[in-house]
């Protein structure tokens, strides 16, 4: 895919042509193959009674498995929306949690306080989140680089404080809010209906990834690419980068608030954890883990991260762990410790993220082969 | 009147805490362009190091000067951690600012999680030393003694940093490096040596903030560092990276605004007021931090 | 070291900056005495060449200084081998005082403050003033003074008269000439009268390559060659120079 060609382009031009041809031949599959295959697998998942030992607790279509995958998908879409800013345009925002939280909290509040039905609540929450990111983006994008990171962080922090202080006993403070199930269609309530939540999560992930891919391929996306490479050069060419950055910021924020609504449904509630700076940092980790600015990187990184986070937590409570000495078991029972450490190693040894890994391995193998001949 | 005195001194105490964190952050950011998210981890290490030493280290404890021994241990632990982070993680990634920031982000998640694994997520009661137990009357108001300890510590650190900056060759190199790192190397100076030094200094100050923050809040938690770090970031942005005095003034301003706004309006509004001040500063002042650190150099 | 051996030798220097091939194989050598002028139109890579020599930009090729291959050395070790560098933008630390700027540059146990203060008395008078409040000419004097503080084997001076008023140009030119009596100088300069006054050898760059090497005087006496290689006649300056710079050169 995209990263493969990137790596191929970066590889020294002296590599022998036969090997290159070999690689090319395998890549003749049309570009839409991978998305279609993946989507087919995702669509087939709830109908499969396959049991993968070790990977999931139950069969693929069991509610716990579907719930975990739905969770992964929501974060996949969210990370993709964050990568629109970070990877595609090069905007370092530390406030993405704000728009995600806005979607989740506004929808939850509308259903709880005004008792609006789900659809209306979701619509207002997403429009509200998009407008919020438009306004705050318009203000924040007047500055660049680290200053931008700081302003966005500060705005998000203000939101986070507001929510956790529980103004007017609305947001529930540290406890958060649970989903008012009376306003949600019955088909989204209860363990039995987990499959429908899975469809919601899948639809969101597909939508977010689709929007980002489509925009990246559009003329706007080419300007973004230019801004990412060198903003000044874009400005010198007579294009004002500001509106283009604002579009990215707003679309990213809108997608995040849509993700917030999906998250609310999937988890059945919302807590201030998703408003914190730490939450945005984990988004950054997901994106960098998978590979920033690549087609699959953010999705892959987020799915793997979320999956590992959940599974490590389960593993930490398992019997196998109890047998380990405390000084090993204790750190290993903290998913954030393992993920944080892995991430640091990752930054060191695979700076391009997981998506760049096959290309790196291949070029390393090729180099060895070249060296031997 | 008495309320105002209390608020001023409490605000100064909070500002002192911010100064201890922000002074190191601004040195590191100014000299190396590294937005150090791991600074909260150094703070946590200092806080838990002090807490641990107060219980386990012979000679340390709440009695007499035992608390100072405990603080010394915590600061030593934080300094060591910061030095190791610079040598083992930041230095190999030299010249790759984005990777350096990402690595510190990883640390900022991993270290509190490790602490949580060892001592749990619940707040731990911090031992209150006899030295600062009770209150002192100032203008008819009873002020907890620990506030004064905080302010005293921040003043001491300010003076020490000021002396380092103005009297030592390394201070001169650091001040020059903040302005133009490349030119410092072009004068035949190995600027990287001072990188380790500012990390060690910053780590020590942050660890001290952790120890004294435990005193201020009465408890330590694994994630205390990150929330304090965000306000310290705000201080750095408002105060700029070129002057220690700017950093001190910004720390005091932020601390006072927070205290007064939190008291006279709804609780929580003080924190938000600080954020609004930051936004105003950033958006009205073109220059300072925003002018020097362009997007290309950092992102 | 024998006199025949060059002090500085650059071989096949290539520099890429953001995808542009700025230096395309620059090779030249400079003798261990006198002034070597590095000349050429604006944007041909003179400053980049200097930065490549010092390792301030990533480059390929080979640099030998004083018989030692310094290609892989970091900038600070290269400079510590005995190079004084006066960059194009002067590289003054604005927030530091004049005295601190000088103190920072001290590398040897006995810095030559007498020489610096004799050349530029103003630096002594303004020792405690922040360097950022100095005029352009004074800043240039500080930059040159800083490079003379140590007992260097080579001075690299990049466009010292650029953007200065005529009176200051003369003063700076005097200082460069004075320095050249004691230490070999690699001088990047567009002011042809200064080159004529001090330079022995000329190296002319165009589009990232060396297009001419030879005696500076012979080159400057040949008006056609000057126009051909440098794109200027003796009285007209290049079109892209700043106003102040143009003035400075017109006095030439």
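As written, the chain order gives the labels A, B and C, with residue 1 at the start of each chain.
The rule is short, and it goes like this: a residue touches a chain if its C-beta (ideal position, glycine included) is under 8 Å from a C-beta of that chain, and two chains touch if they have at least 3 such contacts.
Fair warning: this is a prediction, and the values are worked out from it, not measured in the lab.
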If I average the C-alpha coordinates per chain and also across every protein chain shown, which chain's average lies closest to the global one? B
Could you tell me between which two chains the number of C-beta pairs in contact is largest? A-B
Farthest chain from chain B, going by the mean of C-alpha atoms per chain? C
Compute the distance, rounded to whole Å, between the mean C-alpha positions of chain A and chain C. 52
Where the centres are mean C-alpha positions, what is the separation of chain A from chain B, in Å? 31
Just how far, in Å, is the C-alpha centre of chain C from the one of chain B? 43
Two or more other chains are touched by the chain A residues 230
Please output the residues of chain A touching chain B within their complex, sorted ascending. 90-92, 139, 142-151, 153-155, 157-158, 161-162, 165, 167, 230-232, 277-278, 281-282, 284-285, 288, 330-331, 333-337, 339-341, 343-344, 346-348, 351
Residues of chain B touching chain C in their complex? 169, 172-173, 175-176, 179-180, 182-191, 242-243
Partner chain B, residues of chain C touching it in the complex: 54, 56, 74-77, 79-80, 83, 85, 87, 91, 93-96, 100, 103-105, 107, 146
Over in the complex, which chain B residues touch chain A? Could you list them? 29, 35, 37, 89, 92-93, 96, 99, 102-103, 105-114, 116-118, 223, 226, 230, 233-234, 237, 266-268, 271-272, 275-276, 278-279, 282-283, 289-290, 293-299
